[in-house]
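Here is the structure we will look at, set down as structure tokens.
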């Protein structure tokens, strides 16, 4: 359960160093002197109870919010505001109601982005909704548009805040495979917040458990890829982590 | 209105004779003995006095000669019940000293600021005609009020300025312009006393009383011009020198309507018709009855 | 049946104005006040027809329209720019907002003397007053519209690498548009209203002049005619704003048919 | 250092007004136009001080304030009620909106003759004009505010068994409040502005009278003084609206400090 | 896999009859001549792919929207507008931003509702957030407030649209138990939309699979309660349903 030196290769990804970061709202410390290093190209999952500060941490790394204390370094440089190499998928879909689905996906892209956006819409199974207003989409459809919007821009660092929470089992599986495939191709640094322990295990190299504002668990998952959610090894890890979560709380 | 009269509603403008009457208080006193109260309403212009008069919101008021003509032309019903003494020197046309304009004849093609339909507008028309020009040989710049005209004149956006007292006097005092002409020989420049037909016919004795008391306060004014100047300075916020100039060149006093008064008023109406300010020609004498019960006994 | 209903529905908004005219005709024909100071609708219609026929009305309206539109363009443009600027930069907000809030509260009528001194009596003084009047509603609604765009969406834009300009174009502006339209709707009204003061400055033309001149010379029929013209302009402005909204706010479900 | 900064920040909004006064003093003291029609700030300050000292100003302001507030209460109340009504009932919207849009576009100056005929020259005519002017901004902002409340929240209210009244009170009204405040901010301005027309009707008291009378009698110092007073009223109205917002919109993160 | 007659007792619950209901948006039929009867006091789960029409169906039953064709009867009476006996928890939390958390929970309640609202906030683990603005809550916390708001009002019919989607495993379990306990006490008719098949099995009497606008699967789960998510019987059902979902799609 201590951190071993399994650092995947990834020239493309960003090195994220979180140094003694504290984040407080009013008097309450949500994150307490957090120290984490995320290696370039690593796929890390964060799990933790509702309200444990996962979204807060992502917001800090994205540069949207600043720590109350401590520093965050990207590739060794102190983060100050938003870095161009980051893309984040928010917990809520945050689609622009005044843009069609495809325009939402393509927002901020330069040049000939339409075919690319359409390709990703197809990947999330929504090519036939390309010209609709977001307000006509179902919950899961909105989430998938937001996913397509995040994936289309080849980020060097991808932050995903419960990206698949509103999806059914099958669609979820497909989206997991999509994310993994892209990650394997591009080797960006990935940070995934999820409540699905199985999902965390199938996708990531490393799992962090956030508890009481601190890292309670830091695990490397060194299973060979591709992994299957029904694999017995995955099942073993899953039980182990779930036991850890359940035990601690009671 | 029939029956016992309780309130007389009078409309006046600041600085006019009714203003002096109000301050002197002699009318209030006289009517109080008959159990009648006066409601004094102040209006910003002669036009608004007649507007309220025509709407029946006041019974009696004071406004300039032009206002009466316009009101009649638009078909309002009212009567002239009396007149002030003429005051031809209380208006004039001015140019700057360095303008190179020496007489009315030089105004051809120049810009003249006037209030449309004002007494000095009328004066300009008459003066132009008498010097052989057409009334539209100048370019009129119509302004809303005296201060606008003065601002235009002072900033030399116009060549000549028509004005009336007390503003005429202030411009003369402040800017030392050349006065091309005043109203003498052109127009008596009277103000009139108006009443609604109903009021005049139902209460001629009250109208008579008002006219008489106005004359009383007018006579007082003629004898105490210094005090009048002080009083007006307080009311109008205009400097005393200018007001002194205005008061000095004017004699206060009330007259009953006579044929001699009707004639120049008819000429004014005809001129305004000619230059298109009123659409139809009117007969002012139908609004200016002579020898009615309200003709005042003047001392 | 269906057809009848549509007509009723179509007529509904005009019921009240119609009712007013009917009552007006009725009271006026009773001659409680003389028809001279309160003419009947029929008289007004006659006057109106005469002025339409001889082209006088069109002439006045055209010149007013020109002044109004130029003023709207200038004032609306400045209002929009200031609204955007102040919503985007706190410094600019601190620097300008107080002054704008103060200036907007100055009555045009009181300003006229100063305008004459500074700007003169030409067309520019009239356009200046229109622009001044129009500026404020556009400003305040632009400002509030932009400030009220959900911060969540702005955050999204930032993280997705949108430049300041793009955030403005794709997020803030479309989000503020419904509010800006409210401002425009105001502005279209104020634009005409201002003319009644602006067109007292040394002019012989325009709807404002027509109304004020009529009052000066107690032409009750023309006063009322000008009131009706103003009212119609109000309706037209409203239709225009609605039509624009319909075109530009298709996504907005709250759009009111 | 910190202290200095706070003072600078505090002074920032007043920089521009100050600058204007400085430039004004400078140009006025050059006497391009005579001090009679364009007096220096110092002259104005003297006049102002005199009028404060002898209580004249307070007297005028008090009477104006009274007219303004009564008008605001009546007009604002009607505007609010109509806004709510028309946002809630389509029939009422169809019936009234067109008429309101038309009436709001009629200039008060043109209305005065009719107001004199119908309402007379007393206090009620002045209050009527204020109420009329104030009504519209409150109406249109209330209407749009309510219409723009997210339908999702209204659906929630319906499913949770809220009665029409409760939906209004708990959902529509609080949701529309930011917009209603924009309307109020306008209204507070319009309230004063209207007085300049209203107080030409047979009165010799009030700020509007003061300004118009000064204009009539070429008292440039008082004209400018009244402009300044109006400007200050604008600032006060704005502060008031902000202060109210601060109190009532605590939840709204877009609230601008 | 056909519907047997296991009707739980529940005088309290509402009888819901859905008769030949079609719902179209533009030209597209989302629900196609749907026929379902939900018995009083029954706990039914609806599963189905993202965009299959689950939320649409709930909206129809709640009375917020009307079918394009067909009828919905509650206790035998045709539904027309919103019925007073329904409570629905939406897929998005729909908290009123201008009300504190506790006021959101208590909205529309009559009389002395504060202690009750506080009790339910406690049940969802958020009593310490009672006086905060909703905007300061985390995603899962918002969802739990919405859940408390739905549960506090003792409905005769409860519609839950993915009520636990944003919650971590442990909190999710606790919330499931809370829902089951309340349902056992009050025996309202419950209709749960969920993507978690395991959750559907542990909680419900019956599972409906929505596919292509129609009921593709209608299963009675006659396991004894309380059920455990790790129970082997539950596992068997889960595998069976998941297989069915996965098979059909490929």
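General observations
Which chain is which? They are A, B, C, D and E, in the order written, and residues in each are numbered from 1.
The criterion applied here is as follows: contacts are C-beta pairs under 8 Å (C-beta built on N, C-alpha and C of every residue); 3 or more make two chains touch, one makes a residue touch a chain.
If you want to know which protein each chain is, UniProt gives these names: A, E = ATP-binding cassette domain-containing protein; C, D = ABC transporter permease subunit.
Note that the coordinates shown come from a computational prediction; the quantities given were computed from them, not determined experimentally.
Shared contact partners of chain A and chain D, listed by label: C, E. Note on chain C versus chain D: their Cα superposition corresponds to a rotation of 180 degrees, in steps of 5. When chain centres are defined as mean Cα coordinates, B lies farthest from chain E. Across every pairing of chains, the maximum count of C-beta contacts belongs to C-D. Centre to centre, using the average C-alpha position, chain B and chain E are separated by 85 Å. Averaged Cα coordinates give chain C a centre that lies 17 Å from the centre of chain D. Annotation: 37 Å between the Cα-based centres of chain B and chain D. Centre-to-centre separation of chain A and chain C, using mean CA positions: 51 Å. Looking at chain E, one finds that residues 92 touch two or more other chains. Multi-chain contact residues, meaning those touching two or more other chains, occur in chain C at positions 33, 37, 112-113, 117, 215, 220, 253.
Among the residues of chain B, those touching two or more other chains are numbered 51, 55, 147, 151, 155. Each chain pair that touches appears in this list: A-C, A-E, B-C, B-D, C-D, D-E. Contacts from chain D toward chain B in the complex involve residues 33-34, 36-37, 113, 116-117, 120-121, 200, 202-204, 212-220, 222-223. On the side of chain D, the complex with chain C involves touching residues 9, 12-17, 20, 33, 37-38, 91, 93-99, 101-107, 109-114, 117, 137, 140-141, 144, 147-148, 151, 178-179, 182, 185-186, 189, 192-193, 196-197, 208, 211-212, 215, 220, 223-224, 226-227, 230-235, 237-238, 253-254, 256. By the touch criterion given at the top, residues 152-153, 155-162, 166, 170-171, 174-175, 177, 249-253 of chain C touch chain A in their complex.
Within the complex formed with chain C, the residues of chain B that make contact are 47, 50-51, 54-56, 70-71, 73-77, 113, 116-117, 141-144, 147-148, 151-152, 155, 157, 277-278.
The touching residues of chain B, when paired with chain D in their complex, are 11, 14, 41-45, 48, 51-52, 55, 57-58, 145-147, 150-151, 154-155, 166-167, 170, 174-175, 236-238.
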